[in-house]
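Each of the two complexes below includes chain A, the first together with chain B, the second together with chain C.
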Partner chain A sequence: MADLTANRTSASRAGAENPIVRFFKRYGWGYAFVLPSLITFSVFTLIPVVWAFIISLQNYRLNGDSTWVGFENYRLAFTTQSGVFKIAIRNTLLYTVFAVATNLFVGLVLSSLMQPLGKWAQTFFRAAYYLPTVVSAVIIGVIWRWIYNAQWGFLNYVVGLFGIPPQRWIASPDLALQSIIAQRMLTVPATAIVLFSAAMASVPKELYEAAALDGAGAIRQWWSITLPLIKSTTLFLVVLYTIASFEVFDLIQVMVPSGVGNSTQVIVTQIYQTGFQQYRYGVAAAEAFILFLMIAAAAAVQFRLLRSDVEY
Partner chain B sequence: MTIDAQHSQARGRLGRRDFLRRAAALGLSASAVGAFLAACGGASPATTTAPSAAPSAAPSGAAASTGASAAPTSVLGGGAAATATTAPAASAAPAGGGTATRAATSAVATATRATTAVAATVPNVVTSKSGFKGTLQYWVLNYQPNGANQTGKLMDAATAAFTKANPDIKIETTGYTGDQAGFTKISQAVQGGGSVDIFRLPSDILPQLVRDNLIAPIDEFLTPEDKADIYPNMLTAVSVGGKAYSWPLWVPPVGMYINLDIFKERGVEPPKAGWTYDQFIAAAKQLTFTRANGDKVYGYSGVIDPGIVNTWPFIIGDGALPLSADNKQYTWNTPQAVSGLKKLVDLAQTGAHKVAPPDFGSQATADMLTSFQDRKVLAMYSEPSGASSGYRANKVNFDVVPMPIGASGKPITAGGIGLISVTAIKDRAKLTAAMDLGRYLTSAQVNVDVPGFYLAPGARKSVKVADPIDKFTPLVENCYITPIIAEWPQIRTILHPYIQNAVFGRTTPEAAFSEPAREINAILAARP
Partner chain C sequence: MAVTLDRPGGPVAPVVRDSTTQQRIGRIVAWVLLIGAALLALFPLYWLFVSALTPTQEVVKTPPDFFPVNASIENFRKLFAQAKDYPRWFANSLLITLSITFFHVFVDTLAGYGFAKKEFPGKGFLFAILLSTLMIPPQVTLVPLYIVTRNLNLLNNPLAVILQGTANVLGVFLMRQYIQTLPRELEDAARVDGCSELGVFWRVILPLSRPAMGALAIFTFVRHWNDYIWPLITLTKSANYTLPVGVASLQAEFQTDYGIIFAGAALAALPIIVFFLLFQRAFLEGVRMGAVKG
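Entry: the complex of A and B
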């Protein structure tokens, strides 16, 4: 008994002496494999976010003579420039709500319509929908700028055929943001189509067969089987599109570079203006950190509401 | 984007590495940065600006010769009263004719034909007596290497001339884009030290670099000849705390481009220098019409953008400048400023005269070019000199006249200054060599060595520019230079949406100029 106790103590001491070595022997390879990703994440996401927060607390100067100002930059973000940051937040939220809802809906409908098709037809449609995404957003923006042009735009030509007078689609503060949102809504959500298609294809066929035997029609099957079982994909896309919409910049910068009297200002264009046009890096960092918090909060809410407990 | 950047009309690609670093500092995520890079990557210029075409020893117009020699004293730096009394005349003769062919190539070849006849009279300042042996890092706005654009060709030729005269000095040239990201890039490069010795910059970012002690004053390198040659107010404009911090290169003032084909089509007499706002309105109304094919032609337009002052001559024409002479007080909340803004507002479709296109206020520079040159549906628009060389190369039948005179009764326009600065180099010989290069690149000599070097009227009396740039020379003396203070970029972005919304009819001119007063005055009051 005494020998047994002594052996246990000895083994315990041996293990306690090399916990790091033991940890690395046990988990080392696993950590080695995730290390590149961890480094990339740290360098390009974590450190910039921390750095942005630090800058947001400073009157940041390029020559290093920065001074700490506490949360003053956060106050300035909301109170300077005639309060345009509040307009930018409102516009961003409006854009996000319409863009995310429409993209998900259209993606879901088109993917569902593609499901009954044959393999080759599905591949064709997936490629056809995805191909335009390789076009630069700048080119898309330039084309839409032409479509919306108040003098010689294609849209005014079309509405003119119906006797409607020419509109200032992106030249009027009352219409510009709506026109930009409409552009986003009319763009086929290629990523959603591809991911929804993949998710729908992975739903076990037996479930549909069983439902059919129970008398469920196509719409009922879609509602009761497809939708719940692709919930995790839906959550992923909601988060993805929400982040993309919060960060919209390129299309707006190309389509309405002059801002149309601040009516098309969104958060990232405001950050750009504050940082790169006014050189107020501290305030711009504060605005960027506010954007980060908004995205994090939105993602948390979406995860909470759309989390899926279903596994198959 | 600034006036100086805009005038050269050449926007290249972003410096991605520097932008990524700065964007990361601001916490933008990879997708946002990627989107931004994509946006900037595609923002290529609509056309490449070609240099002046036809040789011309003297500016066109009766009194234009005064423009090159008279010191532009009047409205510089935000306050001094205008003193100019002679409105220089501009030529109204058709300048080119033919179809508007895009031929923005062979820039240097074209420039060669624009040789000015001043070689015998300008002092030769190409030789450096610094004793420096080594390499100077020269950063140039809108430069693209290997002659990929007009600035690249001209600047390569100029630095080659300098190194030929100074074989011990090598010059490595780096380009940066004429947008805010480009200015951030140069600001950071200067701040980093070592990678920039001398650089081209617009006047907007000068105060910030001076504030951060990043550039060297030029005073001790200014020779008596320099002081006599450079327009005094140019030196005043680049001075902070009594020291001059840049070699003034050129001044791109805003002028009125007129499409002579449309004037001829409507039987309207082209305007002459000294024309008034009322005469301008009368002409613009006649030039606003619908063609038989349904094309709507508009009398006037101009870009309204935070970094551009192309429409400001209308606002300041009644005598009000945005800031007081000492840059301590906002002064656009005055009846003169309001009446000036109303003159601009009245041009819009929501205004009294309705001579501007329906998208007036939200148009981009490219829209002007398309309307004026390609579609020929714009009779007049206001812009600095940069576009003129391209129009000449493309054989557009156009002319440039001073902006119409407002209620102040004095000719006035707006613009910026192109500068060359030297960083705070500690090596005395290197600093001297960089200063010598700065002097040469802003001299009349460089215009002799590289014909067509100047894309805007020069900041020295000895610099003679050729057609069509010379059309802008008479405007220099009446050019209001936006305030060269560190707070100006912030102030101009505050003012811009108010001006836009007044043009859109969303606010009154009175409200547009009174509402931002408190914030702008607070910014000015906080100045050190």
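Entry: the complex of A and C
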């Protein structure tokens, strides 16, 4: 922002007698309107991001004698604590692949099925699917921890009906990660449904009528008209759900605070533990930047893959 | 929770009216799937309320009761007797969330107007910077913000949570998108009539932006009401907790006294559920606005 101001003043100095006054008369209100949000944005996002990167290059100490260590923290992230961070990355990727694939598929199917319904029924289903989403992930985590309870949990009652012996689910190192992924897969993807529904509703009706005249059945219409025309929404949702999965924390922290050995560690639980339980600030900052890089890389790949044939 | 089968033959799109057997089967399958998904979505919450209304000694039995046959408010009484800070958590959450919401509705509308309707050098550049940081995960700023908060002695102060909550710029985009659609003639007419710049904003833009501001308020409120990791890091004394941090702490404190935990979680879920049901339309509108681009 500093050099922008410099450019502006030098450019307007070529003008008449009091260019600064004129400049502010002309543009002052524009700056005034955006200034408050630029200030909070700079103080609470922009500067902290830059500072976080600096911390990630330091052996940061709260008392002030921090030392520069280059990219050592990025190496330490992977090598210390017997490589938990590697497990965390693997778990996060597994969680993301299953969560995004299932959520998108279920969201697409449910919103397609809702499409021919009347307005009232559509509103009802959208609200029913969305309701759990407004409840804090902490509360959802408390509930699922109870459903997965090894002794009294609802799930053990259900599998018992099929003659399967009770399992320890999230308390078992072998089942914990699967249970957590299953929880996400069983969550009805409300945002996807709302956005898919909106996108499907905006597909011009004439296209379907024309296709019907040509003898195309419902499934053929869905495949050749609906799917291609909602592709930008699909892309947006894939990126949105991928980012959310990469950043998963609340649910896992509440369901399995211990991490069951290390079997349910994900990237953000690692950042939390490294930074705020072990107070290794530099390494925690490095881990956060690794997460950032992963998100950027995933988004770039997804844009490539899904954009390539979206031209219409 | 009683999800009734809403008139299966209800208002269905005209295309599939004259149904063959195949189409009828297809419709039944669709309804079964949709209702099944609704039950799946709502069951966990239902189960929470059933469990919260069931005394602990009843809740730990097999098979479980599907309805609160022995309903009692014993768990809630125990919650308030033993988790003394619970009302404070609620008050803390309310104070923090309302402050953040007021801030965003006001400041984001100002900025949205500036970016939508005003011309000034560097506008595109500034907007691009805002936009680009949306991709940065919020976890990146945790460490530096924690260090500042600590150095400023703001740990355990609601101000720490409120200030951090003002950082989000999503609202600026929502408001900019909405205000862009307002016709310029109205502003110009107001200026001709002698309105000052602030007057134009106050008398023309604000009233016209009310629907978007409402959606933004609801959206912001729910989002920050549920915030967890930042309050968890900065609020370490029970009296200062927000509701999510407090509810999570019940699990550690009361271990197997499940009744208290469920009562605490159910009571925390209730207001936001009521809130959603009241403002459902505006809320889903907000979800859509957040995604539909320019």
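One rule holds in what follows: the second predicted complex is superposed on the first by the 259 of 312 C-alpha atoms of A that agree within 3 Å, B and C clash if a C-alpha of one lies under 4 Å from a C-alpha of the other, contacts with A are read in each partner's own complex, and residues count from 1 in each chain.
In the analysis below, contacts are C-beta pairs under 8 Å (C-beta built on N, C-alpha and C of every residue); 3 or more make two chains touch, one makes a residue touch a chain.
This one's a predicted model, so the numbers in the text were calculated from it and none came from an experiment.
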TODO: Could you look at A:Y74 and tell me whether it touches chain B, chain C, both or neither (first, second, both, neither)?
DONE: neither
- [ ] For A:Q278, select first, second, both or neither according to whether it touches chain B, chain C, the two together, or no partner.
- [x] first
TODO: In the overlay, answer first, second, both or neither for which of chain B and chain C A:W152 touches.
DONE: both
TODO: Mind working out whether A:S37 is in touch with chain B, chain C, both or neither, as first, second, both or neither?
DONE: second
Open item on the list: According to the stated criteria, A:A127 is in contact with first (chain B), second (chain C), both, or neither; which is it?
Closed with: second
TODO: Please work out whether A:W29 is in contact with chain B alone, chain C alone, both, or neither, and reply first, second, both or neither.
DONE: second
Open item on the list: Looking only at chain A, is it chain B or chain C that touches more of its residues?
Closed with: C
Open item on the list: Contact-wise, after the overlay, does A:Y241 reach chain B, chain C, both or neither (first, second, both, neither)?
Closed with: neither
- [ ] For A:L113, select first, second, both or neither according to whether it touches chain B, chain C, the two together, or no partner.
- [x] second
Open item on the list: Quick check for you: in the superposed arrangement, does A:F196 touch first (chain B), second (chain C), both or neither?
Closed with: neither
Open item on the list: Identify the residues of chain A that lie in both the chain B contact region and the chain C contact region.
Closed with: 44-45, 47-49, 51-52, 55, 62, 136-139, 141-142, 151-152, 243, 247, 249-250, 253-254, 257, 268, 271-272, 275-276, 281, 284-285, 288-289, 291-292
- [ ] State the interface residues of chain A toward chain C in the complex, per the touch definition above.
- [x] 1, 4, 7-8, 27, 29-34, 36-38, 40-41, 43-49, 51-52, 55, 60, 62, 106, 109-110, 113-121, 124-132, 134-147, 151-152, 154, 156-157, 160, 186-188, 190-191, 194-195, 198, 208, 212, 218, 233, 236, 240, 243, 246-247, 249-250, 253-254, 257, 268, 271-272, 275-276, 281, 284-285, 288-289, 291-292, 295-296, 299
Open item on the list: Quick check: in the complex, which residue numbers of chain A touch chain B?
Closed with: 44-45, 47-49, 51-53, 55, 61-65, 80-82, 84, 136-139, 141-142, 149-152, 166, 168, 170-173, 176, 243-244, 247-250, 253-254, 256-262, 268, 271-273, 275-281, 284-285, 288-289, 291-292
Task: Sites on chain B touched by chain A in the complex - done: 22, 24-32, 35-36, 38-39, 41-43, 180-181, 183-184, 187-188, 191, 205, 208, 212-214, 296, 303-307, 357-364, 371, 375, 377, 486, 489-490, 493-494, 496-498, 500-501, 504, 506, 515-516, 519
- [ ] State the interface residues of chain C toward chain A in the complex, per the touch definition above.
- [x] 3, 6, 10-13, 15-16, 26, 30, 33-34, 37-38, 40-42, 44-45, 47-48, 51, 59-64, 107-108, 110-111, 113-115, 118-123, 125-126, 129-130, 133, 135-148, 150-151, 163-164, 166-167, 169, 172, 197, 201, 222, 225-226, 228-229, 233, 243-245, 247-248, 251-252, 258, 261-262, 265, 268-269, 272-273, 275-277, 280, 283-284, 287-288, 291-293
